[in-house]
Structures are given as structure tokens and as C-alpha cells.
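Each of the next two complexes has chain A plus one other chain: chain B in the first, chain C in the second.
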Partner chain A sequence: MKKIFSRPESLKNVTTHYCAGCGHGLAHRLIAEVIDELNIREKVIAVAPVGCAVVAYDYWNFDCTEAAHGRALAVGTAIKRVRPDNIVFTYQGDGDLAAIGTNETIHAANRGENITAIFINNAIYGMTGGQMAPTTLLGQKTATTPKGRDVRFQGYPLNISLLLGTLPAVKYVERVSLHNPQEILKSKRAIKQAFQNQIDNIGFSLVEILSPCPTYWEMSSEKAMSWIRDTMTKEFPLRRIK
Partner chain B sequence: MTGNEAVAEGAIQAGCQFYAAYPITPQNELIAYMAKHMPARSGQLNRVFIQAESELAAINMVFGASAAGKRAMTSSSSPGMSLKQEGISYIAGAELPAVIVNMMRGGPGLGNIAPAQSDYFQATRGGGHGDYHSIVLAPSSVEEAYNLMFLAFNLADKYRNPVIVLGDGTLGQMMEPLKKVRNPESKIQNYKKPWALTGCKGRKPNVIKSFYMKEGALEEFNLKLQKKYKEIEENEQRWEESFLDDAEIILVAYGTMARVCRDVVDNLREKGKKIGLVRPISLWPFPKKVFHRFTGKADQRKRFLVVEMSYGQMVDDVRLSCCGKAKVEFIGHSGGGIPTGEEIIRKINEKNI
Partner chain C sequence: MPRITIDKEKCKGCLLCVSVCPKGAIKAGTKMNKRGITFVEFKKGGNCLGCAMCAVICPDCCIEVYK
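Coming up: the complex of A and B.
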């Protein structure tokens, strides 16, 4: 019998700690599949964020480091500069990449660091209990916007990918989603492109992945997927930005 | 050569492979020297220089380069050091080697750019969150600044621990001839780094982390750190001493302040006064051993006078080291002025200590 589906070598055989319906497991797996397919597992150095995915190294079967909250792209910059032959990527949530780490994000991108950033946008802070993220939608209720995000007080959702797309040193930015199998496959293609760019020395690449957080959206897993499709993509349209 | 440049040259010769920093006075000659020399003398080391977008980015870049197994360094001055504390805590928590230079200036807040020694507590007590220590080395001349960079990188690698080189604006800015006469200790010691992130070819994946969620795991890790700190306290106390055998008054000062005190000692010795000097070189671990010599009954006639460019920080360590068994006096100020030799002599005579 021919084996047609198995766990990627880049993924450890362990039980997940993520909530039911969480997108991190999917995103971890897509990255692991891409790394296997590109045959770069032994060259990869990953930078994990602070947030739900801090323990990504419990799942990935390659070299990993933690970074302080928001500093992943500073840590990643240095790793890639001192080890240019390795493949370096950061995995960061919206709070990490677009709030506390905005400065590191913009400047690593603007320097054109030849690294890959995987940006998980779920419009909420998961690990700390569902507070407003920079990407929280207008009207979205969170622990810190109990009446919904109000533009008068909290401003607009931050479209960091669009902003990064304006920088000349940024070579590739695509926004994808995990809300159905078709979009998951597109996500994988984008992730692969972002890694291929690094292998080809093209420069800074970022993939923004819209990802469900049923727990803090207070929805069923199924509803969370349709919320991405019907609501979140209105604010964050799926497209190649650059 | 200025002290700032001597630190930079020492770092390069000590095998520094990565340097990132953010400009701040009075250490700007250091970053400029590294910008020029790191790429130019890259050689096989692939030396990297980055002007970071912030102090936070700089220290976290050092974290990354060190995690990748390279000798990494940053430098700053007091307000910038406050910003780096988060990163230093993470470096200590992840047990990474790193060298951080602080050419201290006046504080608190933006303070001024005059030399000061007001960051002693911050440097020696950890400075960031959590139970950790950085090793702290305090040069008092341009030549020593150069030499201590070898020791700084070696100790960082040996103990997988941050090392702070604590100078001040005077040391950074002043020029002295640098003969590059290396101490016997001043050579590169190569430590294997099997923990470094290099890609997992031929081995299990390495993980660099400071996060311990499992019950009891963090306490276990902290106990491991404490054991390491105890070993460092036992092995790495460094100081210079003069005339301690017969001294009745012993000045205690480090860095730039020790130079003024040495003049005072020479001056008063000529006049027959029994005066000596202890100059701590390692501020953490504090050289308690030298003070423990003077806490027996027979030595209670000894008096210590601690002189600092602060309102009294290192004096706490001297008092702790003397355990109340010797008299400890203090003179110091900061924010623009340096205690002068005349002031110190006046203090000695006034108090008749």
C-alpha cells in the first residue's frame, strides 16, 4: 500500500496545547510541510514570539529560539546576518508584530533583511485572555473593548502589511487565510514563496495569515471560519500586496 | 586613543563577531570605531556591524547573534542601558553570553552627558526583572579598558552569562596612549557552543528559551542559575590593592574615581599618612574577599572611605562585606561634579577618620 499522507519530518509527534479550532496548529503544519518540501529542515532557525505560539519549538523539529515580546525580527536579523547560509524565519502574532514590535518590524523590513516573517493575524490577544489587538475590527468586542472597538478611542485596525508594502526593500507581502481548504492551500503556496525568496536571496518577505481564535471570539470553530470569510476579509482582503 | 576606542579595539581583538548599537553620548566614538573596523577587519569571522533602530533592537540583535553562537556585543550609556534591561534579563534567562558596555552619564531621566557612576545598582543587582546577575567589570584606564574586553568575552562564554563593562564618560572620552600590552589573561579562550543555533544537521534540534511553564521547572532553572552565580562569586572576584598591610585609612573606589583616589594616596603617603586603596575591578562579583581580611578584632582600627561619582551605591557592598565590623564612611556626588582630591583629603582630615 502506498502511503499518501503522513506527518512532516519538521513536525514533532506531540499532543497540541492549542485550543480547539485554533489556527496555530494549521499554520505550524503548513510551515513544516513547506520546510520538508524545500529540504531545508537542517538549515532552518526559527524565532518564536511571545503569545500563544511561544512554545512553537515544542512542535517544530528544527532549531528554534524565543524572542522577547515584539523583538523577533531584531533577533532574526542578527541570526541571519551572522549565519547567512541558514534559513531564518519569525513566527509572530498581531500583538507581537504590529503593536509592541512595530518598530522592529518596520526597520527589519526597511533594511531589507533576507528573512521570512510569518504573521498570524487573529485580531485578538489570545494568551493574555482576549484583549484588543492592533488588528481588532471596528465594533469587535474584546476584554478591553467591552462595547466594541470604537474608532474615536482606539483608532482603526492597523493594516501593517499594506504599510510594509510601501517600503522599497520589502520584496514580497501576501495576505492569506485559513478559513477553508482552498485558502489553506493558497496559504501554503504563499509560505513556500516566502521561503523560496530567502533561498534565492531576494529579500524581506512576509505572509499575513488570517487565523481563527474561536475561544476569544466566543464562537464555535465553524462559525469562526465563516467570520473570517464574511467579516475579517472585508477589513483585510486576501491578496498579494506586493 | 580614547577609552571608547580602546574598548572597541579590545572587542575586535577579542574576537567580537557581532556588534549592534544605537547612538548615545558619551560613547559615540565606540559605535563609530566599530562601524569602521568591524566590516573592514571582517576576515574569516564574518564580522557584522548594525546601527540598530533602538536600544531594544540592539540588545535583542545581540541576543540573536549570541544564540547563533557568535561573540556579540552592544554598547550604550545610562538612559540607553535602562532600555536594554529587558533584553539583558532575557539573555540571562536564556543563558547566552553577551558583552554590554555602559559608559555612564548623569541621571536620573535624561540627566546630562557628564560622567557619573550612578548605574552601579542597576548593573550589579540585575537591572531587569527576575533573579539574575550580570558579571560587571570596571576599567580605570584606557589600557585596562582594552584588556578587560578579552576577559569580558571569555567570562561571558565560560559562564554563558551577560557581562557588563562599566565605565563612565571620563574614561570613554579621555585619551591615553594604548600600547596594546596584553595581560596574560588577554587572549581569546575558545569555548565550545554545542547549544548554539546552527541548523540541526546531524543532531537533535537546539532550543534557546527562558520560558518554563511546567510546575517546578522555573524554580529548578533558577536554582541552576544560583549555583552558577555562587561559582562566579567564588572564582571571579577581582581587585587591585595598595598599601593594605599598614594602612589605617583605606579608600575604596572604582573606575575613574579610583584614579583620583590613587593620587590622594600617593600624596598623603608622601606626608607619612598610613593610607591605602582598594580598587574593585569586578563589581559583581564584588571583591568581598579583600574586605573579609579586615573584619577580625585586630583590624578594627581600619577605616574605609568609599568614594563614588554617585550618592552612595557601591558603599552598600562595602558595608555588607564588612558586616558591621569596620567603620565605613562615604563621600560622593554626581550630576556634573567629580569628587576632587582636595575634597577627599578634607573629608579625611575633617572626620579625622
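Coming up: the complex of A and C.
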């Protein structure tokens, strides 16, 4: 009898602090699997965000650093310019990449830095207690929009992938989801493509991953997955944007 | 016969594996682990196919699949 599925070498054998059903654990594992498959574990440098994934360096078994809130792509730029032979990627949530770090994100993308950004979009601020994020859907109830997000007061959800897709220096943008095993495998392919682009010196790549937050969406894990499939993908359709 | 092993100390009881298993070979358990979480159990003699869908969706990487 052969073992056909086990923990990748790049993922430490520890229990994570994430809530039950959280998508961060899945995204961490997919990245670890891709790094093992591309055999770049000794060359990778990750930049962890501020947010729920702030201690991602405790879970990955490769070199990681930590950036100030929203500045992961600026830190990633510096690392890649000083050490161009290393594979640099940032792992950021929507509060980090799309709110406080919008400026750094857009400019790093516009400069066409040869780095990979993994963008976890769960439409809410997880770490601080379920407040509205720029990516929160219209009508979605959060701690700061108890009656649902209203376009008159909070505006429309920010579509970062579409925005970055318009920049000529951006080479690859794809939006994927984690709501079922098939989509998880597609997400892994997209992450692999984004790393391969960096290895081939193609340029800036971003993978947006729609990820569940059952705790602050106030749903069971299973229902959170169906909410992504039925509601979230209407606002954020799954496709290769560039 | 394909089978899976579940790391009961890492399981957080999210039940995503139960929701995707096409053969219903995993069930919500009754026992608690050290952290007070009711972990899932593999049904012995179930019809596990070894498709690894449970392992693919497990956010905590607690499932190993043998085929």
C-alpha cells in the first residue's frame, strides 16, 4: 500500500492557530506543495503579511520575513533586487494588500517587479474581529456594516485583480477559489504558474484566492464554501484576468 | 483496500472532509482531543476509494491517504 497524500516537506508539522475551516491553512499547503514540486525550497524567501497569517513563518519550512502592515510588496521588491537569484513571494490578505497596502501593491505591480504575490481574499478583516474590508460584498453584514455594506456610504467592492490587470508591467493575474477539491487543484496550478513566471524572469504575477472565513461570516465551514461558490464568485468571477 | 489516517490532535472538527467524501467514509466523531475538539473518524470497513478529496480540502493537513 502506497502513501498517495501526505504533508509537504515545506510545511512544518505543527498545529496552526487558524480557526476551523479557515482557508489560510489550505493556501499555506498549496504554496508548500508547489515549492516542493518546483524544488526551490532552498531558494525561496517569503514575506508574511499583517493579518491572520502574520505568523505564517511559523508554519512554512523555508526562509520567511515579516513586513509592516501592507508593505509586503515593498519589502519583497527590496529582497528581489538585492538577491535576484532567490525566489521571492508575498502572502497577503485583503486588509493588507487591498486596504493599507494598496499604494505599495499598485506601484510594485506597475514597476513590473519580478515577484509573485499571493492575495487571499476573504472579503472581511479576520484578525481584528470581522470588520468591513475593501473587498466586502454589497449587502454583506460585518461588525462595521451591521445592516450590510451600502454603496452610498462604503462604495463598491474593490476589484484589485481587475485593476492590476490593466497595468502593462503585470504579466499574470488569475482569480481562483478554494471552495471545493477541484477548485483547490486549479488554485494550485495557478500558484505554480505564478512561481514559474518568476523562475523564467517573466515579471509580476498575482494570484487572487477566494478563501473562506467561517468565523466572521458566521457560517459553518461547509456553508462558507457554498457561499463562495454561490455569492462571492458573482462579484469576483473565477478566471484568468491576464 | 484504500484507507486514510487522521491526525486527531491537529483536527479542528470543521467537517469539510465529511462534506466532500463521495462514499461517506468519514464521520463526525464523538471523542475529544487534548484541545477539546471533537475530531472526525474514519469509518472502518467503509467504501473508501482513495480519491484523496478529503485530504485535498483539509485546511489543517491532518489526513494521509494510502492506496
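To be clear about the criterion, the second predicted complex is superposed on the first by the 241 of 242 C-alpha atoms of A that agree within 3 Å, B and C clash if a C-alpha of one lies under 4 Å from a C-alpha of the other, contacts with A are read in each partner's own complex, and residues count from 1 in each chain.
Keep in mind that, in the parts below, a contact is a pair of C-beta atoms (placed from the backbone, for glycine too) under 8 Å apart; a residue touches a chain by one contact, two chains touch by 3 or more.
Note that the structure is predicted; figures quoted are calculated from it, not measured.
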{"item": "Partner chain in contact with A:Y57 - chain B first, chain C second, else both or neither", "value": "first"}
{"item": "First, second, both or neither for A:A78, with chain B first and chain C second", "value": "first"}
{"item": "First, second, both or neither for A:R149, with chain B first and chain C second", "value": "neither"}
{"item": "Partner chain in contact with A:A68 - chain B first, chain C second, else both or neither", "value": "first"}
{"item": "First, second, both or neither for A:K171, with chain B first and chain C second", "value": "neither"}
{"item": "Which superposed partner A:K192 touches (first chain B, second chain C, both, neither)", "value": "neither"}
{"item": "Contacts of A:K2 with chain B and chain C, given as first, second, both or neither", "value": "second"}
{"item": "First (chain B), second (chain C), both or neither touched by A:Y18", "value": "second"}
{"item": "Set intersection of chain A contacts, chain C complex versus chain B complex", "value": "none"}
{"item": "Contact footprint of chain A on chain B as seen in their complex", "value": "17-18, 20, 46, 48, 50, 52-54, 56-58, 60-65, 67-68, 70, 72, 86-87, 90, 94, 197-202, 205-211, 213"}
{"item": "Touching residues on chain A, where the partner in the complex is chain C", "value": "1-7, 11, 15-16, 18-26, 29, 180-181, 184-185, 214, 220-222, 225"}
{"item": "Contact set on chain A toward chain B in their complex", "value": "41-45, 47, 54-55, 57, 60-68, 71, 74-79, 81-84, 86-87, 103-104, 106-107"}
{"item": "Chain A-facing residues of chain C, complex", "value": "3, 9-10, 12-16, 19-20, 37, 50, 52-53, 55-57, 59-61, 63-67"}
